[in-house]
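Below, subunit A partners subunit B and then partners subunit C, in two separate complexes.
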Partner chain A sequence: MNQSTSTVINTILTVALRNLLAHRRRTFLTIGAIAVGLASLIFLWGFNEGLHRNMLGNFQDAIIGSIQIHHQGFFQHPELSKAIANPQKVVAALRQADVSRYSMRLESFGLAASDITTQGVMLIGMDPLREGEVTQLGKRIGIGRFLAPEDEYTIILGATTANNLQVKLGDEVVIIGYDRFGAMLAESFTLIGIITSGEMGLDKGMAITTLATLQQMVDMPDRVTTVVIGSDESRVPALTAELEAALQGERLEVMPWYAMFPVMKEWVSLHNGFLYLFLGVVLFIVLAGELNTLLISMLERTREFGVLMAIGTTGYQIAAILLVEAVVIGIVGIVSGILLGYVIVLFTGKYGIDLSILLGSTSRFYVDPLIHPHLKLDHLGITSGVILVASIFAGLYPAWRASKLQPVEAIRNG
Partner chain B sequence: MGNNQDSSIIDLRNLHKCYWVGTMPFPALHGLNLEIAAGEFAVVAGRSGSGKSTLLNIVGALESADSGSVEVLGQDILGMNSDQRTQFRLRNIGFVFQAYNLVRVFTARENVAYVCQLQGKSRKESMEIANHWLHEVEIGHLGYRRPDQLSGGQQQRVAVARALASNPKLILADEPTANLDSTTGRRLIRLMHELNHRFGTTFLISSHDPDVKQAAGRLIKLADGQIVDSWDEVPEPPQSLSSSCPSSHLPLGERVRNYIKLKRQSRGGKRRGGNQRRS
Partner chain C sequence: MDSPRGLSPITYLHLAARNLVRNRRRTLITLLTMIFGIATLTLLSALNDGWLNQMKTNFILSYTGHLQIHAAGFEASQNLNDRIKEPEEVSRLMQSYGEIVGWTQRIRTSGLASVGGSSAGVQVMATDPEQETWVTSMDQRVTSGTWLRPGISHDLILGHTVAQNLGAELGDRIILMVQRLNGEMVSDVFFLRGILETGAPQIDRSLALISLNSAQQWLQMGDSVTDIVIRADIHEHTDALYRLFTQQLSEHKYEIMPWQELDPMVRQWLEFSDAYGFVILLVVIILVIIEILNTMLISLHERQKELGVIVAIGTTRIRIFLMLLLEAVMLIFIGAILGYLGGSLLVYSLADSGINLTRFANAFEFFYMDPVIHPQLTPDSAVKILSATLIAALLAGIYPAWRATHLSLSQALRIQ
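Up next, the complex of A and B:
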C-alpha cells in the first residue's frame, strides 16, 4: 500500500470514527442493542449447553455409561448365548486406550415374582466395586442400599416394580430366568434396595444383582455380555473409533450412548435447532436496528456527503465511510456482548440456576433442577461471526445509497 | 486582475440545460456561450432562476448539460464519467458554497486538510498546507475550532481556505456572501479578490450581491439562461420549448409513465367506443 492510499484510508477511518463519536447516544444505543442481543444468545447457548450436559451426564451416569461393548447383535436381541467370547481382549484394548473407568455386566431377561404377582424384568448382574466408577446408580437408591461385593442372592428393584410386586426391604423375590440353552431357572433373592430415581427407565422393569450371583445362577462363570465404559463426552466419538479399530475381527459391537439411544441426541439437536431459530430472530433485530441507525445517519448527512463528493470524494469512499461505521459498531457491539455474555455465563455457571420452582419432576428427563450454564467456543464463534456478518450487511444498503448520491441533488435537498 | 489572462480556462459553446418536474420542462440554460480566461475574477449575476447555479454546476463537473460543449482547462467535461469528474474536481477545482458546508465533525484545520489528504498528501503535509491557507484567510488562530464554534464569516473563510488548499486553477463560488452580513460579505469578497491577484487563481462567482458585482473584474449578466449585454435587454425567448427542452431529454422514468398513460387513454377510448356500439 503506498502512502497516498494509506492517507486516504486513514482519512476515511477518521471521518467514520468522528461521526460515530459525534452521535454518541445513537452509536452506543446501537452498540448496546447488539451487545445485549449477543449476550442473551451467549447466555441461552450456555444454559442450553449446561442443560444438555446435565441431562446427558445423568442419562449416562444412571445406567448406560458412555460406551458399551457387546457381542455383535446383542443390543438388538439380548440373549445369553451372545456373551462376549473373550472379555480379557476387551480389557486389554481398554488399557491400551488408557480407559480406567469400565465395568462388566451380565444381562438377561426374566420374571420377578412375589407372593402376590409377577413382573417382567431386565436382569442385570453388576460388579459392585467397578460399577461405581462408571455409573451413579448407587446414588439413586432411595430405600435400602446398593450391592456389596460379598452379597449373594440379594437384589435391587425399581420403585415401580417393587410397588407392583408389593414387596419391601428384606422380602423374598423369586427370579425366574433362562440359561444360555433356554432351560428355565428359578432362584430366591432378598430385596436389599429400591431405586427411587423418578426416571421412567430405572424405576420400572429392572432387577439388579451382583455379577457373581447372576453368573452362578445362569451357570456362566466368568462370562459377561456387556462392558460399560465411562468417558468424557468430548472423547466419546474418538474413543469409540479407537476401540472399534482395536477390537476389529472380534465380532463385537462398540456402541456410544447416542447409537444406543439416538432419540437423546436428536432431542439435543432439536433443542439446538430452536436456538438457531432464535439466533435468526436476534439477527433480524440486530440487522434492522443497525440498518435503521445507519440509514438515519446517512440521510442526516446527505448534504455533507454531497459536499464531500463535490470536493473530490468518490462514491466508493463515501460507501467506505458508512461501511467502516457499520463494522466498528458491529465489532464493538460483539466484543461488549461477548464480555457481558461471558460474565453472565461464568456467574450462573458457578452458582447454577435453580429451576425447581418452575419445573415439576425434571428428573423424569434425567435433568437436575440446578442447571450450570457452560459456554462452548464453537457456539460463541458461530454466533459472533454471524452477528458480525449481519452488521456488515446492515451497512451495505446505506453505503450503496450514499455512493449513488448526486452531489448537486444531495447539497440542494440534504 | 490576475497574472495570466492569455489562455482560456473555461469555454462553453451553445450550452443547453433543462430541468424536468414530472413531464413539465423548465429550461435553465439556452444556447449559452461563454469564455473565461485564466486569472479572471468573473462574477455571474442575475435574478433567482436565471441559471447562475446551473452554470457553475456544469462548469464544476457536478452536473451534465443536455447539449453543447463544455471545456474546462482544456478538458471536455461532458465526455467524462462520474469517477473522472470526481478526480477532475479534486485536482483542478475549488468550491465555495453559499451555506459554507463544512464537515461538522472536523476542526477548521481538518476541513481544509481533507482535500489535501484525498489528493494523497500525508497528514503532516496536509496540516501544514491547511495552516498556511488558514493564515492566508486571516483565521490561522482558529484552526482547532469546529464549524459550530465559528461565525458565518469565519466558516466561509474556512471554506475559501479549503477551496484553495488543493491548489486548484479555478474556484467556483456559488452565492458566497448570501448568508453573511454586508460587512462580512464585503471583507470576504475583498479577500477573494486579493487571493485572485496574488495567486492568479481564476474565480467564477455567482451572486446578486451588489458588492460582489462591484468587485467583479468581469460581470457576466445572465437572464433566462442566456447572457445579456445589459439588464434592459430582454433575451430572445426559445422559439419553442422543444428546441431547448427536447422530449428526448425527458428522464426515462417519465417517458415510461407517459407511454403507459397514453396506452391507457387509447384503451379507454376503444372500450368506450365498444360500449356505445352495444347500446
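Up next, the complex of A and C:
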C-alpha cells in the first residue's frame, strides 16, 4: 500500500467518524434502531429456546428419562421375554461413563380392573429409591403418595384411568398381566397414588408399582426390561454413542429420548421453523429501518456532498465515507444490541415470563406457564453476524446513490 | 373555527399536506418505513392466526368433531350403562339446522386387543363407516390398508402405535375383548383392514375402530349409542349449535359438550400457542413502533433549520406542534392503510400455497400441527394492527412534535 492510498483511507475514516460525531442525535437514533432490533431478535430466540428447554425437560423427567437401554427390539415390541440379560454389565458401563442418575424398571402390558370396568394399561415396576434420581413422577402425584421401598402390591394410576375405573385411594385394583410365557396372571393391588399431571400420556394408560412387586408377580426375580438414565440435555448424543460403544455385542438398544419419540424432536424443529420465519421478517424490519435512516440522512446532506465534490473529492470517496459510516453504526449498534438483548434475556430469564396471565389454567402440554428465556451463544453469533452483513448492505445503496451525484446540481438542490 | 389568534383546522391540514408534498423524497422514505412495518405485522399476525386455526381444524377433524352429545354423565364415567337409549330423539334434530354439515353415532368403550402373544389396552370405537367421513377426516388418515367397508362386520382399523406395539400387520386376526352392559367379558375375532395415523399420540396409541352395526350386535346394545358427534360448517358456529341443543334436549338425560370441553388439554395447548404467538407479535409490534418513531425523529432532526426559520418568523409553539403532529398522523395513517393493503395482498398470495416448513421438519403432522402454514386474516388481527398503528401515531406524532417545540432558535439556525 503506497503512501497516498493510506492517506486517503485515513481521511475517509476521519471524515466518516467526524460526520457521525457531528450529527450525534442522528447517529444515536440509527444506532438505537439497530440495537432495539437486534435485542428483539435475541429476546425472541431466547424466549423460544427457553420454552423448548422447559418442554423437553418436563417431557423427559415426566417418565421417559433422557436415555433408555433395553434388550434389542423391546421398545417396538415390549415383551417380558425380552428382559435385559445382563443388567450388571449395563451398570458397569454407566459407572464407566460416570453416570449416577439411572434407575431400573420392569415393563409389561396389562389390564387394570375394578368392580365396574377394566382398562388397558402399561404396567411399570419402578425402583422407589432410585426413580427420583431420573424422573420427577413423584411430583405429579396429586392425590396420595409415590411408591415407598417397603411397599408390597401397591399401585399408582393416572387420574383418567382411576376415574374410568371409579376407584379412589385405598381401593382394591386387580391387575391382570401375562408372564414371559404368555400365561395370564391376576393380583390384587391397593391404590396409593393418582397422577394428576394434566399431561398427555401420563394420566391415562399407566399403572405403576414397585419393581420388587412386579418381579414377584411375573416370577422374574432380579430381572429388568429397562434402564432409564437421566442426563444433561447437551450430553445426550455423546452419552448415547459412548454407551452404545461400551455395550456393543450385548444385544441391547441404547435409545435417547429423540429416538423413542422422534415426533417430539420434530415438533421442536417445526416450532423453530415457525420462529425462523418470524425472525427473518423481523430482520427485514431492522434492515429497512437502517436503510431508511441512512437514506434520509444522505438526502439531507446532498448539499454537503456537493461541496465536497466541488473541492475535488471523488464519488467513490464519498461512497466510501458513507459506507464506513454505515459499518461503524452497524458495529456500535450490534454491540449495544447484544448488551441490551443480553440484559433483557438475563432479567426475564431470572424472573421468567408468566404466560398464565394470558392463559386460563395451569397444567398443560409439558410447558410451565413461567417461561425462562435462555441465551445460546451460537444464536447470538448468528444474529449479530446477519445484522452486520445487513448494515453493510443498507450502507451500499445510499453510498452508490451518493457516488452518482453531480456537484452543481447537488449544491443547488440540496 | 376561525379565530384571530388561531388558524382554522383546514389551514393546518393544508400546511401539513403541503409540507409532505414539498419534500417528496423524505415523505416517500418515511412512508415506506410505515408501509413496510405495518405490512410485515399484518403478514406475521396472519401467519400466527393461520397456524392456530389449522391446529384447531386438524384437532376437530381428527377425532372429536365440534360438538358431542352423550347421555348425562358418560364423559366422566365412560360406562356403557350411561348410553343414549333413543338416539332417534337426538338425530331427528339434525336435519333442522343448516350449520350442521355432518353427524355420526359412535360407541366408545375400553378393551383389550391381542394378536399372537402380545396384547394392548385399546379404546374401542365403533362408528358408521359412511357417516363418519362427513364428520372427521379419519378415513383420509388411513396410512396403509383401507377404511371400514360399509356392511362388512369384522373389519378393524388400529391406531398406528397400537398396531406397532402389537406387531400386527394388515390382514391379521386380532382378538378384541370388551365388557358388555351386564359386565360379561366377551371376545371376538376381527381382521385388521387398515392402520390409522392421525398425528395425535393419544389416538394413535389407543384407537381400535370397528363398524357401529357390528358393535351394537356384539355388545347387545340394540340401537343405543354412546356419542352423537356433530360437525359444524365453521368453528364459530359451535356456540350457536351448543345453545340450540341445550334448549332442545333435557339436561337430565343428555350432556352436550363442545370440543373445548372434550379435550381440555388441547384447549390448553391452543391457549398456550396463542399466548406464545402473542408474546412474539408483541415484540414485533414494539419493534415496528420504535422503527416508526425513529424515522420520524430522524426526519425531524434533518428539518431543524426549516423549523428554526418558522420559529424566527413568529409562529407559536402550539402551532408548530399541531402542524407537525398532523403531518405525522397523516403519514402514519396513509402508511397504515397502504401497509395493511400490501400485507393483505401478500397474505392472499400466500394463503393458497402456504409457507412450507417441511425443510425444518420432515413432512409430518404432530399434535395437529401442519408443516405448511396458510396465513389467514382475521378481524382480531385487524384490531391488533389498528391499535398498534394508533399507538405508533400517538408516540411517533406527539413526541417528535413536542421535541420540536423545545427547539432553541439560535441552535436550529446554526446547524447546517
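Following the convention adopted for this analysis, the second predicted complex is superposed on the first by the 371 of 414 C-alpha atoms of A that agree within 3 Å, B and C clash if a C-alpha of one lies under 4 Å from a C-alpha of the other, contacts with A are read in each partner's own complex, and residues count from 1 in each chain.
The rule is simple: contacts are C-beta pairs under 8 Å (C-beta built on N, C-alpha and C of every residue); 3 or more make two chains touch, one makes a residue touch a chain.
Fair warning: this is a prediction, and the values are worked out from it, not measured in the lab.
**Student:** Would you sort A:15 into first (subunit B), second (subunit C), both or neither based on which partner it touches?
**Tutor:** After superposition on chain A, A:15 lies in contact with subunit B alone.
**Student:** Contact-wise, after the overlay, does A:408 reach subunit B, subunit C, both or neither (first, second, both, neither)?
**Tutor:** first
**Student:** A:396 contacts which: subunit B (first), subunit C (second), both, neither?
**Tutor:** neither
**Student:** For A:327, is the partner it touches subunit B (first), subunit C (second), both, or none of the two (neither)?
**Tutor:** neither
**Student:** Which of the two partners, first being subunit B and second being subunit C, lies in contact with A:260: first, second, both, or neither?
**Tutor:** A:260: touches no partner chain.
**Student:** A:97 in the overlay: touching subunit B, subunit C, both, or neither? Say first, second, both or neither.
**Tutor:** It touches nothing on subunit B or subunit C.
**Student:** For the overlaid complexes, name the partner, subunit B or subunit C, with more touching residues on subunit A.
**Tutor:** C
**Student:** Once the shared chain is lined up, is A:246 touching subunit B (first), subunit C (second), both, or neither of them?
**Tutor:** neither
**Student:** May I ask you to decide whether A:312 touches subunit B, subunit C, both, or neither, giving the answer as first, second, both or neither?
**Tutor:** First partner only.
**Student:** After superposition on the shared chain, which partner residues are touched by A:288: those of subunit B (first), subunit C (second), both, or neither?
**Tutor:** Second partner only, subunit C.
**Student:** Enumerate the residues of subunit A that count as touching subunit B in its complex and touching subunit C in the other.
**Tutor:** 304
**Student:** Can you list the residues on subunit C that touch subunit A in the complex?
**Tutor:** 25-26, 29-30, 32-33, 36-37, 40, 43-44, 47, 51, 76-79, 110-112, 117-122, 164-165, 167, 179, 185, 199, 201-202, 205-206, 264-265, 268-269, 271-272, 274-276, 278-280, 283-284, 286-288, 290-291, 294-295, 297-299, 301-302, 355, 357, 359-362, 364, 366-367, 369, 371, 373, 416
**Student:** Mind pulling up the subunit A residues that touch subunit C in the complex?
**Tutor:** Against subunit C, subunit A makes touches at 23, 25-26, 29-30, 32-33, 36-37, 40, 43-44, 47, 51, 76-79, 109, 111, 116-122, 163-164, 166, 178, 182, 198-201, 204-205, 263, 266-267, 269-270, 272-278, 281-282, 284-286, 288-289, 292-293, 295-297, 299-300, 304, 353, 355, 358-361, 363-365, 367.
**Student:** Note which residues of subunit A are touching subunit B in the complex, please.
**Tutor:** Subunit A residues touching subunit B: 3-5, 7-8, 10-11, 14-15, 18-19, 21-22, 303-304, 307-315, 317, 406-408, 411.
**Student:** Given the complex with subunit A, which residues does subunit B contribute to the contact?
**Tutor:** 57, 60, 62-63, 82-83, 86-87, 89-91, 94-95, 97, 101, 103-106, 110, 114-115, 117-123, 126, 162, 166
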